[in-house]
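Going in written order, the chains are labelled A, B, C and D, and every chain counts its residues from 1.
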Amino acid sequence: MTTGAGPAISIAEFQEIMRDGVPLVASFGVEVEAIGVGTIRLRMPCRDLFVRPGGTVVGPAMFALADVALYGVVLSLIGRVELAVTTSMTINFLRRPALKPVIAEARIIKLGQRLAYGEITLYSEGEADPVAHVTGTYSIPPHRPVEIDSPRYQIAPAADKVS
Amino acid sequence: MTTGAGPAISIAEFQEIMRDGVPLVASFGVEVEAIGVGTIRLRMPCRDLFVRPGGTVVGPAMFALADVALYGVVLSLIGRVELAVTTSMTINFLRRPALKPVIAEARIIKLGQRLAYGEITLYSEGEADPVAHVTGTYSIPPHRPVEIDSPRYQIAPAADKVS
Amino acid sequence: MTTGAGPAISIAEFQEIMRDGVPLVASFGVEVEAIGVGTIRLRMPCRDLFVRPGGTVVGPAMFALADVALYGVVLSLIGRVELAVTTSMTINFLRRPALKPVIAEARIIKLGQRLAYGEITLYSEGEADPVAHVTGTYSIPPHRPVEIDSPRYQIAPAADKVS
Amino acid sequence: MTTGAGPAISIAEFQEIMRDGVPLVASFGVEVEAIGVGTIRLRMPCRDLFVRPGGTVVGPAMFALADVALYGVVLSLIGRVELAVTTSMTINFLRRPALKPVIAEARIIKLGQRLAYGEITLYSEGEADPVAHVTGTYSIPPHRPVEIDSPRYQIAPAADKVS
């Protein structure tokens, strides 16, 4: 079932999608480090604007990074689909991040026809313990059928009762 | 039990706290419209950077507004306490917001000694239906006792088992 | 736009739906106290099986009550639709409930074509402060058009971008 | 830093804790299949009471299983601590489960002094794709210091700013 095509968008394509479609988050300097089939790794530098008293990174910047990571990981499976939007996200802040770049690692847990659900873990760069853990749901508008390069993420209309 | 003192911070004080302590969100142009005892109303203008394809406001800007609204509504009860931080938030996006300012109305549902839990509803300015609904928990560091101007939000150490 | 018909199901109908379709929760003795258009009030007695050490009601019983309350409040708007299912819920436990019946008050915040989003507040019977606060999303399968007796909850296909 | 002692409670001890402390969930027939240091695997049979129309397992039974799995995985690290309670949980239902036993696999993502945060994935027995994904926070009452048999989960008071 694997086509050998790899992720449905390249690093360069997702950089461009961010720049054109999510300019706020692009303005934070977010860079794509890696894209796989259903996985992505992003890096956000620590800007002066993100610093909070006590020397930590402001929560909304971390949320923004997680949100765009979920967007990217959805597109890694279905390719460039316009108007896909987040429907819900839950973020748990686990440790005060140091004043360092923040790394987001995201993966899709369930890909349905209309909804995708994934998980994003945030780390301070170079550290092992997560600073935040996020789960979220993306709404996918009607789109042409896609061929997904992974047996793990086939869209099965008949069995796909929940989303 | 009411002291007649009203909210524990003024509009001007919270504007200053945002500017000094949450510069990212302050840079979004968020303004305080009203503060009560356990309630707050904020307004965020619709910046060019917030626009997404399809003509809607980017989710992380709405999250940032909700997050700072929860911060403000906690301080409206306990006053300026350093290092209070969000521990978790759940955001549900309900409608695509128009390209208009976004209004946040927040209220505290539970104030404990160590945790506060509240709810934030976001609207496009001038519209009745919410564009997003958010719940969140704030962690409150040890602080001197405060007198709260509301019978609704007294901190009752003995009964306060959960937080 | 109001038809004067009131809620789309009666108390007796929802009692029957619970008994036939959600036997686990019906076995908890949950009773419907009131149904409105987009609102519901349920009561769950405090069974011996619900008691936890420290003299409090077990969390999953409260979740079950909230879940069925969300189901009821969705049906209060759209009537008996088979196979509507919860897609996500977030529960925050705020106070240890006393060993008393638990009351659930639910309301719909957003009704879309495919998803409904609502909020449930749980109280110990006769007490003013909530013991838990819950938000959740229900997935609504394709169904015949319904006429809703409330200007507040009209389903507007064109504007209903998110769900 | 590893003591070689393994998890802080045994399978038999947690079975007993469930039976005595969480009788509702014990009455569902939940069994412990495995306990590690910061991990647990539980199995819940599919009772007649759990069946919903369409031939699927009722959501609150899955929530109950996830909740007790989080309890168990906290105790696997800190041992038998009375009055630990869930403070919040978010459950996402991903697929309609078949009428089969449900397996819960839980792990702790962050262990703090006062709060623990973990993730629970639910499967239909023998199937690879999850039916639900849950995250939750447990509140840990003040307790004597514990020695944890894992470098991954040391409690570091000074660095433990968030919880």
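In the analysis below, a residue touches a chain if its C-beta (ideal position, glycine included) is under 8 Å from a C-beta of that chain, and two chains touch if they have at least 3 such contacts.
Worth saying up front: this structure is predicted, and the values here are computed from it rather than measured.
Check A-D against B-D and say which one is joined by more contacting C-beta pairs.
Answer to which pair has more contacts is A-D.
For subunit A versus subunit B, what separation do you get between their C-alpha means, in angstrom?
Subunit A and subunit B have C-alpha centres separated by 26 Å.
What's the distance between the Cα centroids of subunit A and subunit D, rounded to whole Å?
Comparing mean C-alpha positions, subunit D is 27 Å from subunit A.
What whole-number Å value describes the gap between the mean CA coordinates of subunit B and subunit D?
So the centre of subunit B lies 32 Å away from the centre of subunit D.
Spell out, as numbers or ranges, the residues of subunit C touching 2 or more other chains.
Residues 54, 85, 87-88, 90, 92-93, 96, 137, 161-163 of subunit C each touch two or more of the other chains.
Once you've mapped the touching chain pairs, tell me: line, ring, star, complete or other?
Topology of touching chains reads as complete, every chain touching all others.
Would you mind writing out the residues of subunit A in touch with subunit C in their complex?
Contact set of subunit A toward subunit C: 85, 87-88, 90, 114-115, 137, 139, 161-163.
Which subunit C residues qualify as touching subunit B in the complex?
Contacts found on subunit C: 54, 90, 92-96, 109-110, 117, 119, 129-130, 133, 135, 137, 159-163.
Of all residues in subunit C, which touch subunit D in the complex?
Counting only subunit C, the residues touching subunit D are 20-25, 27, 48-54, 56, 58-61, 63-64, 67-68, 82-83, 85-93, 96.
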